[in-house]
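Per-chain numbering from 1; labels A, B, C, D, E and F assigned in written order.
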């Protein structure tokens, strides 16, 4: 299995609901360093997993929707906690949709698996991975 | 599949038995930077993989048993080599037990897989991973 | 010149005022990974730059004041932009005060210089350094 | 499952063929930081995944074949693009052959899986992994 | 003293002249991860060391001149070895000129010192630093 | 001012004397990741700060004296605490002597400053720096 990973980041404010979060129920924020891994069993005709330029652009476009925002104000996230693991899934779903829409190029149809990791600090990170 | 990883470390002395270890048969030591990854297919009701506070505390308690110790003096390890890969398994087993005992909270029963990586230097690390 | 550095982190929300900040004028947030470097020309009687336990505790106490908070709500910062470089100075000043108050132990009087670096992402960080 | 990873690097020149590569069709180069992960379900009699000394030496020997070279001049790669993912596979295949030839020691016959990651920058890396 | 650092990278081919370089006299290449540190004794009216957007853009423009190129073909470098330390100075000089030309904004006139570090691998990096 | 840094590591056992060390008075150990920075105001005739091959070899030779050893058994360190900052100075002094003896080549006489950093974990490191 081949894979290619690209890294980007976004910076957000949010707060959490639930006693389990303790002081993190207060308004606070995070820098999320994002690693997206694309996988496929064989390389395409150019010896690539994916066009890294298209992949980076698509990821940047998706993160721009959240970057420098307060996630508490985004309608789609009402009633949920925008934890690191939850946001990893959100980025995964949007990238999967971008692939389906052809925004990562025709060769991206060969991808079979994707993983998204969000690093919230030097001592904690979370991921969502699944098949495409 | 969702995952959450937390990082901690411990510092130990030890020595190895066997010609394969060469000069590492002498008394020496290591800093082990420990990454523990918890996995589950769905998030809990709080949109979490696990309570990161409980997970960090449980990991810290387990590492405290070995931290600033000479592993050669620990009865449980007699007759074994406390290699990086061996110690990854030791940390895994103790964390699995902590989960069974409820020390990572009731939501931890939803965990299905765990991985433990010990970094011994910037150029070498070892892991043990398995199902829960 | 000897130095010792310890690392910790805090996570905050804030917003900026001024056209230069563009979209960062919106409510957003950051994880700040904090490196504090203590310097002195000679070691103390224990061959130390500083008691690393006291240093880590003092740093943790100072960061706890800001951690999981919205910096826009802190009276002391009204009329200022809590940029990464500005916050590096804030942490520096509080640590310098802690040293003056003896909270880092009597040997800390031998410190002559300190530096504080806040990493806001994998591609940007800022520092304040000065004499003690 | 146990694993052990060792890190090394090599520095090469190359160029790519195909419109998808844009300006990377020009002669340029890269530092590849290489992580090789060896996996097996049980440890050997010395509590090891593999002899780390032999593994590091074998990896170094393989990278020496490419290090400080122009990959465009290597006959074996004619008609291919020596992308990061392609080179990950090349290193994998040579290491698999080294294991078969016994160059990583007799205990290496217990290995069941291997992964090779090449980091081309702080924001992009690629891998090839497979069974042995 | 305050400082702000931004990170970027570029990938080049080159070769060296001189027996001291051994096999690095052959055509090879490198990824250079570039950290530029801007320093000034006081913050500007926006509580900034420098406009990070302008700084990142100026750095990107400068690196684009060399990125995905063979440095041996650049007239300016004839008769020199484009070592990591030499290229750190080249980037420094171009950025100093950009500051003089106002491309980093009017507040950049307050900068007093700059440092440029090029990482050529995980085990080697070089810098040039000087006053402005 | 130009600089070049090389990285290596060593792994040791030791114990400390003095109440300030708490549980670190027990036999334990550390991995020290070592960064040595060589500085000079101008490059040599080959556009180098120093011959990186000679520098790496000299550093490796010096670390080999301590690697995989119990520092408590080394006569030279009796009555001292082999703290991270203390060991940074030890490595500095041995490298300075190696430079004086010509082991880093004739061009090394142009070096004016050196710094040695020992990383003991991902959250603590110490340095000694001085003129040559």
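To be clear about the criterion, contacts are C-beta pairs under 8 Å (C-beta built on N, C-alpha and C of every residue); 3 or more make two chains touch, one makes a residue touch a chain.
Model, not experiment: these values are computed from the prediction.
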* Counting shared numbers against all numbers at the contact of chain C and chain E, is it over half, same, or under half, different? -> different
* Which of B-F and A-B has more C-beta contact pairs -> B-F
* If you average the CA atoms of chain C and of chain D, how far apart do the two points sit, in angstrom? -> 41
* To do: Mind checking the centre-to-centre distance between chain B and chain D? Centres are C-alpha means, answer in whole Å.
  => 27
* Approximate Å spacing (C-alpha centroids) for the pair chain B, chain C -> 31
* Asked: Among the residues of chain C, which ones contact at least 2 other chains?
  -> 7, 122-123
* Residues of chain E defined as touching chain F within the complex -> 16, 18, 20-22, 80-86, 88-89, 122-130
* To do: Report the residues of chain F in contact with chain E in the complex, numbered from low to high.
  => 1-8, 43, 46-49, 51-53, 105
* **Partner chain D, residues of chain E touching it in the complex** => 7, 9, 11-14, 23-24, 26-31, 33, 67-70, 73, 120-123
